[in-house]
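After this come two complexes, each holding chain A, first together with chain B and then together with chain C.
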Partner chain A sequence: MTTATADAELSKLTALVRQVNVDLPPGCPITASTRFVEDIGMGSINRLMLITLVEQEFGVSLEQHMHRLVELHTVGDTARFLATLKGAA
Partner chain B sequence: MHQPATIVDGHCHLASSRCIPREFFLGVARNLARKIESHGMPADEEKLTRMLIAQYDDHDADKLVAKMDAAGIAETVLLAPDFSYVFDAEHSLEDLARQHAAVVARHPGRFRVFFGVDPRWGTSGYDFFERSIDEFGFDGLKIYPPCGFSPSDDRMFPLYEICAARGLPALLHTGPTTPTLAFEYADPYLIDAAARQFPQVDFILAHGGVNFTEPAKLMCNYRPNVYLDFSGFPAAMCAEGWRNHLAALFAQDINHKIIFGTDWPVFSMKDDLKAMVAGLLAADGPMSGLKSADVANIMGGTMRRLLSRRQACATRTRPAGAHAETLDTERLV
Partner chain C sequence: MNFTNLFDEARRHERAEISAKQIDGQDRSISFPAFVAEVDVLAQKLQTSGVARGMQIALQAPNCYEYLLWDLAALKLGAVIHAVPEDLPAEKVAAIARKHAIALWVYEKPENVAGIGNAVALAETAAAREFPVDRDAARLADADLHSRVYSSGSSGYLKGLEISRRGTELLVSDFIDAFGLCSADSHLIFLPLSNYQQRLSVYGCLWAGASIKVVRHTTVFQELGRYAPSFIIAPPAIYETVYNLYGRGADAKQKLAAFLGGNIRFMITGMAPIRKEVLKAFNALGYLLLEAYGVTETGMIAWNTKERHRIGAVGMPIHPEHVHFTAESEIVIKRPFPLSKCYFDSAESDSANTFLPDGSIATGDIGVLDADGFLSLSGRKKEIIVTSGGAKFHPEELERALSSVAPVKHSIVLMSKNDSRLVAVIVADGHEDPVVIGQIDESIRAMNASAPSYKNIHRRIVTATAPSIENGMLTRNLKYDRKGIYRYFEAEIEAREASLA
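Here is the complex of A and B:
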């Protein structure tokens, strides 16, 4: 996986995180280190919506990876995991 | 805030798909689907069900122990409700017991188990519960009234007799649950008749500090053998947020009756165990104004005391066949 690929995945994921968290203030930064729960208060519904959007946007199926996804606490960790999945496809 | 010397999670479950039937998850998924659709997104109930089940893969509790360590939780009470009477279950009650016994053996000193038996199984169920105590070493009774019975139903009494004889607590679900079950039996007041009839049994109103809080705290204040836990607190339906909700609960002078519980893994996509404990014990958290002794009791001391009342009693107290004849016909329903 190249740095450019990882950056691209992060950029796409960041946009989706913002899409499912419509209550976030416009200026609120979302970066690789942003934590889903502690920093932006995402609950179960938002995380499931994010997973649904990620499946559509990234063209991957995440059902079998749920146990792994719930252990990923930051946007950056999740972007790296998604890049790994796409690389393995 | 003083960190309590010992933290005991009084309400937890194995995150194992072998312990919870698919129909339970399906109900949860239906509610999630309505919420997702309200955000203008399509939701597939079947897919959501599969996504929920896929998270429950910690069959031997290795992941749970790692999370307990990170959170500073010394010991955890695993609750194993019996859904096999109302839902098709791939795994039997025997499987459920053996899996929990294996987890206790795999992680010495980390787990206690409150085991459930639906009272409509009748004599065979009573016998199995007794066996679960004597053979598997479990520590209490888990009651799930939304499966379709009152916790004060006469058919529960043989189970309470076993608890009374051995000094075991009985924990019952109160409040909402999966919509594929009946909420009408989830009222905390329904334990009153049993609590009066079995003063030797300590009854714990699970989620009583979160749902139906008014009746639950009244029961705790006025029935000496009734306690409550506040498991599920991150999802408390309270406009002021769960911290204010719990702060109000802790100001009712019933802290000697309140037990900490996480209800893990129900809110695993929202809060980790470490985050739950840290939120409770934070300098600006709901326990910030409490005396150290109250914090210690809530976070583990009271549950430890209830568990310590267990008596090494191997004798059978239930009159042989006392309930068997009527139950044996009813269990075929």
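Here is the complex of A and C:
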């Protein structure tokens, strides 16, 4: 996976995180190191909605990967995991 | 609905289907008659293995096809499902095993039943060999005992509840009548089946011929569009999330139709307060989103329906003659067959405070009926704030007023431990914007001016941090955890700032 591809995945995921977290102020930065719970207060139901949007946007099925996903605490870790799924497909 | 004829009724609905994943991950879709036939086979096998009327079958399982089979097979035999919460850890499962004479344990996770001999894995449900039943296990004599379940209540503290067979039949019948449940309906169940509400829905659908799909909560948003149910029952947070993404803008109606599957006839919410803005928005877009109110101890108490609904109320009492109020406005239910008969595995004080000597049940909720007979809730009895001067009021009165200010998403009013003054924790858009802060302060000053001094809010904390289970500010039932919120903001709550009062 190239750096450009990784950046593109991260960018798509960041946009989805912002879409789900409607309460985030427009200027609030979301980067690879942003933590879902501690930094942007994302609740469990919002994370489920994010997973739904990710499936649509990334064209992957995440149902079997729920256990792994809940262990990923940052946007960057999640983007890398999604990239590996796409690579494996 | 009555359990005696439930299987015959279900068999009549040849076109209705149950869909669910089996515990091995395989998708299963089966007609009601074929499902009843599988229930018969399991019941027969249980009987052959030694399960008799009144024996307890402990079931600790996630939402799956086999859960439904075990529940209905136990019903067929008159055995009692002891529904253990899916996520209860092994040490607590062991405590249940020590305390209750369970005839057979049914499990998903072997580590949870280590050392228990009379246990069978869910995956073995259809295996040919007999189940390792403890044939000497006690038989519970109460013919009205349908199931033993656990409820986490408003505090998250686990209590056991004995569920009444007759209470279940009456409640399910009320639901079918009030919402016109029929064979054209389809219902998506995603909350845990170990929470009794979901099993009630299963019985109602089997009786009325409404198809059912059971999924795990983690896939709820994907399944809404895939299954396209005609009705769902969900906590407010689900609707809030859907509304935030799809309920706004010129094309909201189309977006919602696509996301929810396009077949929704009605949607029910309860378990926690929902913002009026969300209720109004869904209803304005043609989605009947109805608040309902009940507790597991009594069963459903009030609900809004298509014919009679009012935003801001939890509906009209289903049986007004069952609903009474104490002098403190606590709702007390007295009905011939409440859903629960009593607690088990709970503190004596809990039983004494809830199941009253005259047979009525104290809900712990504070409410009022309006002139048209709609019931509104104003909070929990135990959350009433008692001022240093002895005045009592419920913080939700103030919270509702604060939440009507445009940028406010959540408001929680607490009392400072140091100076006994009221402090509002406010979650708002633009929490650092001076204009927003000014708008909030102005609203608080206006509220203070028109309220008695003991209801004056002296300080406010404006934050972007919404309450969640993860940050300890919501209970597992998605209700405000006021102690958790105090802990989270303790430094700010106790900070001596200029008073707004």
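Definition applied: the second predicted complex is superposed on the first by the 89 of 89 C-alpha atoms of A that agree within 3 Å, B and C clash if a C-alpha of one lies under 4 Å from a C-alpha of the other, contacts with A are read in each partner's own complex, and residues count from 1 in each chain.
In the analysis below, a contact is a pair of C-beta atoms (placed from the backbone, for glycine too) under 8 Å apart; a residue touches a chain by one contact, two chains touch by 3 or more.
These figures come from a predicted structure and were not determined experimentally.
Annotation: superposed three-chain arrangement on chain A; chain B versus chain C shows a clash.
By the touch criterion stated above, A:Ala8 is placed in contact with neither chain B nor chain C. When the two complexes are overlaid on their common chain A, residue A:Leu24 makes contact with chain C while staying clear of chain B. In the superposed model, A:Thr52 lies in contact with both chain B and chain C. Of the two partner chains placed around the shared chain by superposition, chain B and chain C are both touched by A:Gly43. Among the candidate segments 112-120, 202-210, 400-408 or 436-444, the part of chain C whose C-alpha atoms clash with chain B in the superposed model is 112-120.
Chain A residues 20, 37, 42-45, 48-49, 51-53, 63, 66 lie at the interface with chain B in one structure and with chain C in the other.
Looking at the complex, you find that chain A touches chain C at residues 19-20, 22-25, 28, 37, 41-46, 48-49, 51-53, 55, 63, 66. On the chain C side of its complex with chain A, the touching residues are 217-222, 237-238, 241-242, 244-245, 409, 427, 429-432, 464-466, 468-471, 474.
Across the complex, chain A is touched by residues 32, 35-36, 39, 41, 43, 47-48, 50-52, 54-55, 57, 267-272, 275 of chain B.
Of all the residues in chain A, the ones that touch chain B in their complex are 20, 37-38, 42-45, 47-49, 51-53, 62-67, 70, 73.
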